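Here the chain labels run A, B, C and D in written order, and each chain numbers its own residues starting at 1.
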Amino acid sequence: MNMDLDARPGWLSSGDLESARERLPILYVDVVPVRVDNRGLVTHVGLLLRAMPDGSISRALVSGRVLYAERVRDAVVRHIEKDLGTLALPRLAPSPHPFTVNEYFPDPVVTGLHDPRQHAVALAFVVPCDGTCEPSQGALEFSWLTPAECASEAVRAEMTGGQDRVVMAALAHVGALP
Amino acid sequence: MNMDLDARPGWLSSGDLESARERLPILYVDVVPVRVDNRGLVTHVGLLLRAMPDGSISRALVSGRVLYAERVRDAVVRHIEKDLGTLALPRLAPSPHPFTVNEYFPDPVVTGLHDPRQHAVALAFVVPCDGTCEPSQGALEFSWLTPAECASEAVRAEMTGGQDRVVMAALAHVGALP
Amino acid sequence: MNMDLDARPGWLSSGDLESARERLPILYVDVVPVRVDNRGLVTHVGLLLRAMPDGSISRALVSGRVLYAERVRDAVVRHIEKDLGTLALPRLAPSPHPFTVNEYFPDPVVTGLHDPRQHAVALAFVVPCDGTCEPSQGALEFSWLTPAECASEAVRAEMTGGQDRVVMAALAHVGALP
Amino acid sequence: MNMDLDARPGWLSSGDLESARERLPILYVDVVPVRVDNRGLVTHVGLLLRAMPDGSISRALVSGRVLYAERVRDAVVRHIEKDLGTLALPRLAPSPHPFTVNEYFPDPVVTGLHDPRQHAVALAFVVPCDGTCEPSQGALEFSWLTPAECASEAVRAEMTGGQDRVVMAALAHVGALP
């Protein structure tokens, strides 16, 4: 999950956010952008390459905080636009159900999902993006991979914090596990 | 659910279908077509007006059999095109999960979902349709109703076989219960 | 949702919690306790009668905050035990998927779910409880109602903040809408 | 999926079933029996060792047809009792939602799920079983494996027809992917 230093008035300052991160679970969204064919079948999964909180250069999901007074689906759109640009054309599902809930802990052994900065609870969504996706704001690269590539040991090893498991769960959810 | 007398060679004849209907649960899809806004929120639900197996003129879902060798998502597209025309532009979700499974029995008290002809098990999907939807093949009318209209006693009373409950479950699934 | 003034060291003080509530969405769990028959079908839904944040005496779900470093499923168990006692014997599903995500806003018109104190995002679960459920810690009463009773206008009118819609969504999810 | 030659009067004879299998998708249930800890977390997954339709000796799920006039949840219980004995004590979820829908085709390349005998559409459920599970009626063995064992290449290679992917999807669904 990426740094999310939102400075709009009325939201948390960086200092306050640090303080809250030591005392409350922070609500996130994890987004798995996908390309689908004309029947809705997933052909590709989009992964960023970015600097992660643990200092590594890793492949990563689109991810970020839900802000005060923001609806979850608006947070999903905002983070897609922030990470992939305003031409990504995400199509959100009518239902607000996440396909899973990812619990990231500072202690890596609780769930296997690890965030050294905080206890984050991320609602995870698979979101078809029909438009042009380009890495923005700090990401180094964005690539569309096939489900088989995503599930390969090589690509899984390039993800950290347990996000490879989130990608596998997304593939399972859409019936695209190789 | 509507009559589905598919006469393509290799599939069941009407007589064979009648026979199978007395001995096997028949796999169906129930489709709730919806209009969504640019954030994916449901603004309208589409209902047909049609002659039903029980002889009534009722509001009804798009619905029909899954054929031999047909994928479930292809059956969803086929029935939408059959009932709403080829310009409906359905957008199927990447995931094959139905939002619920509807069990229709010849005996109306088993589940409250009733089909006098058969034991049908319908995988139910909410499908955004962005295009022009027009009633075809035997339906009398097709209308877009707001969630509040759909959930009203008046509209619920115009549905038979328990399909009003399916519509309510679809509204619940998309967070649009009034 | 009930007041949740947890005073364990390391967690938020009341003052800090008030401050966070003005700046961050707060993660909650909403729990719909149910009685099931031997095939898992829901026969009854459990509702509390309690003083609500808006000052009313209302029927309410089991509900409360997820704490720092606490897993979501542990929060579910903790709030059931807090509200229904330690003999409730909840049986949590293996899957961490909520049946829906409820977004409560201080502004009642955003989603129709209203919490005057805060922006709360609640993961909602239906949890079979086989044991003895008794109202504890501030609730006035706990009753098992049939699905038809829950869905009646009379009972829905006794719930506030939009929780009647959460109960309806739970009934839809378990196939028990009347 | 196992042979399911149900000879009760009123249901299909073997000959009629063969005929129907050439013309209709046949409705199945796929069951992944699990052991859970006292918080509902999956600790073990149960797999049968049995003769499969393709002639192999393979690890397999509990699986079988839904009969005419039978509710899906009754089919789940019946197949668990048939395959694991009457002391398995399955606990079915209140919700009728399958965690996925598995489409098995005679042609192995359509979905990767393969059944040489028929087009079967299986509603898949993860079912905690607290009792004693013993292989009955034709299975050679029944074993409880850890999620890590199930996901290993060695165990996956012992499954046929794509059922290893169903097990992986079940692990993903319950948050137990290694």
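Just so it is clear, contacts are C-beta pairs under 8 Å (C-beta built on N, C-alpha and C of every residue); 3 or more make two chains touch, one makes a residue touch a chain.
Here the structure is a predicted model, which means the values were calculated and not measured.
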Type of chain A:chain D copy interface by residue overlap (half), same or different: same
Comparison of A-C and C-D by number of C-beta pairs in contact, larger one: A-C
Centroid distance [mean C-alpha coordinates] between chain D and chain C, Å: 34
Distance from the mean Cα position of chain C to that of chain A, given in whole angstrom: 28
Chain D, residues touching no fewer than two other chains: 96-97, 99-100, 111, 173, 175
Residues of chain B touching chain D in the complex: 11-12, 16, 20, 22-27, 66-72, 96-101, 103, 105-107, 110-111, 119, 121, 123
Touching residues (chain side chain A, partner chain D) in the complex: 100, 111, 165, 168-169, 171-173, 175, 177
Chain C residues touching chain D - in the complex, by the definition given at the top: 34, 36, 39-42, 73-74, 77, 91-97, 99, 126, 128, 173-176
